[in-house]
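Submitted below is the structure of interest, expressed as structure tokens.
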Amino acid sequence: MILLTLAWRNLWRQARRTLITSSTIAFGLGLALVSVGLGDGAHNQMVRGGIRLGEGHLTVQRRGYLEAPANHVFLEDGTEVLRQVEAAGVPGRVAPRIFLQALISSANNALPGGLLGIDVADDPQVDALRPTLVEGAWLDVGDPRGLLIGRHMAERLKAKLGARIVVMAGVGGETESQLGRVRGIFSTGIDELDSFQVVASLAFGRRMLPARDGRQPLTRVAIFLEDDAQTPVWREKLAALPLPAEAQVLTWQEMLPQLVTFIAFDDAGNYIWLLFVLVMVTFGIINTILMSVLERTREFGMLRALGMKPARLLGLVLAETLLLAGVSIVEGWIIGGAGHWYLATYGLDLTSLSPDVLKTAGVMMDPLMKSELSPQRVAMLTGIVFGTTMVSGLYPALRASRVPPVRALQT
Amino acid sequence: MALVDARGLTKTYRQGDVDVPALRGVDLALEPGEFTALVGPSGSGKTTLLNLIGALDTPTDGTIHLNGTDLGAMGEAELADYRLLHVGFIFQAYNLIPVLSALENVEFVMVLQGRPRAECRRRARYYLERVGLAELAHRRPKALSGGQQQRVAVARALAAGPRLVLADEPTANLDSETAAGLLALMGELNHEEGVTFLFSTHDRRVMERARRIVRLRDGRIAEPDEGHGSHAVP
Amino acid sequence: MSAALPGQGPRRAARLRPAWLLTLAFLAWRNLWRNPVRSALTAAAMVFGVTSTIMFIALIEGMKRDMAHQVTDLTLGHLQVHREAFRRNQDLYAVIPDAAAERLRAGTPYRYAPRVYAGALASAGQASTGVRLMGVDPALERRVTSFHRHVRRGRFGLDEPPPAEGPAAGHYPVLVGFQLAKNLRIDVGSELVLITQAADGSIGNGLFRVAGVLKAVDPIMDRMGVVLSMEGWQSLMFLSGGVHELAVKTGDVTLLEEPQRRIAEVLATFPGGEAEGGPLQVRRWDQINPGLSDALALTDISLTIVAVIVLGIAALVLLNTILMSVFERITEFGILMALGMGRGWLMAMVMVEAFFLSLLASAVGAGLGALWAWRLETVGWDISAYMPEGIDWAGVSLEPIYRAYLTGDQVVKGVVFMLVISMISALLPSWTTTRLKPTEAFKR
């Protein structure tokens, strides 16, 4: 115990030096917390967006679709898959979907696009898209030919409400064309959707896909869970179902590999530059602690003369380092905590930038970036800073323990 | 039995490319309760001799037995323990730990020895009182005069209960009055407790106080001892 | 009387004299090496700061250039001409009349590459998807963009007319985006069916042959781009009278106001009413792709922040070191002051020590940084193991190789930054020396 008392008081012999050092460490930690918080916040939001506007937490689709998406790679017995998934009691929503890569044409123009056939009453896309309608109305359940198109597509096709649209798609060597009418025009602000997405009912989509033996095809069944964390659990459960052999259960990570890679990459970049900061802070720490040890050579010699063992001297310097780390970490939490709180509440406002800047890895970032820090992250960053500080103190501590008692009597 | 039995002590230092002999074959025996001074000019080897007896350093040749124990046979850790338990030190300056109060400084060695807290406190208070600094117990070294610091050092040395106290030029930085006071104090303690005091000094006042003087010159004992120290306290 | 003997006058504290600056410098240098370990550690922190800053700057500059190059040299050109209606809505019939293109070629010294666009349904084997066709004039295209070199597999091949015989007789060659090739499972030599809605409303279709697969261009081209010659395009669309787009190359991508003005003048001589599809417009690349300029500006800002932080920490380390070294030498300073050295001298000496240390560290850092950045420029940093598809940002796709771009002024900037920040952080501790009283110093 006396060791800790001694260590604590030793730390404050040179208050200014100690404070500058601890502030440097604290700054490093605070910076890490803010930087990682923003990064995590942006990434989490991208993931949530990608899941919500995409194909959910889990997707059941035909094997081979992921590697090479193609219209003819569909679940032949779509209704059976849907039935099994619904019967499994998934805590969330289950959305049967048909998706076809097509050519969308009006009298005036023809454009590449994607036809998305959904359950117009129940699909989660309804919640995402309905609020963005700028003209017309959402599709009625009993409207088999109704279509919703994005604003940009409407402009390019010169299609107004009620206009006739032809959807042409090739499925397994055969080309199907179907006629539809524009019932509504949406504007989400997301270029992808406004330029390429055509929304229709499942019935419309089914007309484009060949049905055999009365089995109703689907491109996929998208599952949206209430609790993100349940994803791996339900993946196992769904994979264990007696689904048709052609069906494959995929997680959102498998569906959005570009996003996953981007996040890993971005994280790596963030950590690399934080590493740089850490290295420099380490130089500063070693410098300070080493100097404080070398200054006290005579004193350490005296302690050895009095009978203190080298191990205890080592312990003393390490205790000083430990306390320094403690002080710095608390400071760092305050700085980082303040920064994080501000960014979590108000966010980093990038709305003044052109929306293109926020397009990457196939998703759109929210122009208002908010910070998100999980306890694990804080613990990890704190641990790293703590560990680094302690490691920096090792060499000086060793130097201290090597001071021979003879030093006490040298002039 | 002699408390300190040193035979043929030789110590050679290496300075750059040159070997510097500091001690050349010194024999010395100290009885318990002695109040002895090692005297000699700079370079005579008295500090070196003190180092060796205090187990701060190891001889190039020769043996030292403290209370029958052969120091040469002990490793670093054992020597540290030995110093901790059996030897007290008073240096010329920088005796005290700057961040501890006077009381805490006195307690320090006892705490290292592992004595119970209450005992450390009790003994520390006693010895501080004994050296006349009870009211300054909570002052830090920088708030104490040179003389007061040395007194605290004496208290610390004795509180730990050693058999032998080694003092290296303890009065060198003090004015006459203070030096006299300090020496008187040490004399009293030597008388009361029977602890052996060995000084290294070239201060006349110390030499006058010492009951035995051992002169060193060029690493050797120069003349026969002046005065054979009392073997026991009268 | 007092002036009779030199040196008899009252003593004054030594002022800062130019001649003594040399002595001061000498002293300062020596002082640095009193504690080599400490100086080395401090220098190490600063070296690290400077090296990494230079590397970052060069790397970011390289990425910016790549992105800008990707956009301008590769497909967009320096400027582009469109009809307003095409620009807004991709109106098929809003064409730039051939006469306009001729007049531009005659009246201005710039190079023009015509393009036409249409949507189509592409099928290969079982797979089928909507695509965007881009028709180019291969000879003219070469003179404006470097598109023809941007082929991952196969060759550009659009100059070649369709073979007269063999299995591919009459099939025009096409280039496809790499993602499209993956999705349709086609490669060089594959057959591709294209179906369109021609300009006259009929259904156009034809068989084509894949001559090459493109490298990353932008997400749209990558996923749904099919490039063919003008003739090939016309064989499907039968559009007459003009083209949709003219890509323009001038002599200098940084000086575009003048060319823009001249082109606009020529274009104004053509009617631009509703019937034609609006006026003919010419825009610079940064007007066409504002997202990219924003992205580049954003990187500049984050780079500055990173540099300030990194160098700031190095300077903090320096601050700490100077404080320690000053504290150690207080007695010495006291003696110097008692001997007559003025406060200004002392402060100058400490500042010069700091300057030497930072200069040394910056020089080493600059050397290392430049070396590394140069290596990154020539060899590049290949991240294709982690991101095989490259990265896409702000509507631009980049191949997964980072290349740095090193310029002298980056190195200078890094060094100057470090020196300035160091000197600022050295100010406080060196100023404290001036507040010393000699007697105080002795007491220590």
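By written order: A, B and C. Residues from 1 in each chain.
Please note the rule applied: a residue touches a chain if its C-beta (ideal position, glycine included) is under 8 Å from a C-beta of that chain, and two chains touch if they have at least 3 such contacts.
Owing to the predicted nature of the structure, the values given are computational and were not obtained by experimental measurement.
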Can you name the chain that lies farthest from chain C, using the mean of each chain's Cα atoms as its centre?
B
Sort out for me whether A-C or A-B is joined by the greater number of C-beta contact pairs.
A-C
Chain B and chain C: spacing of chain centres that average the CA atoms, whole Å
73
For the pair chain A and chain B, the C-alpha centroid-to-centroid distance in angstrom is 69
Take the average of all CA coordinates in chain A, do the same for chain C, and state the distance between these two points in whole angstrom.
26
Which residues of chain B are in contact with two or more other chains?
none
Contacts with two or more other chains, residues of chain A listed in rising order:
none
Quick one: in the complex, what on chain B touches chain A?
47, 50-51, 54, 56-57, 76-77, 80-85, 87, 89, 91-92, 94-95, 97-100, 108-109, 111-113, 168
Within the complex, which stretch of chain A touches chain B?
2, 6, 9-10, 13, 298-299, 302-310, 312, 404-406, 408-409, 411
The residues of chain C that touch chain A in their complex are 37-38, 41-42, 44-45, 48-49, 52, 56, 88-93, 118-121, 123, 125-132, 182-185, 195-197, 201, 219, 224, 289-295, 298, 306, 309-310, 313-314, 316-317, 319-321, 323-324, 327-328, 383, 386-387, 389, 391-395
List of chain A residues in touch with chain C within their complex
14, 16-17, 20-21, 23-24, 27-28, 31, 68-72, 101-105, 107-114, 155-156, 158, 168-173, 175, 258, 261-262, 264-265, 273, 276-277, 279-281, 283-284, 286-288, 290-291, 295, 353-357, 359-362
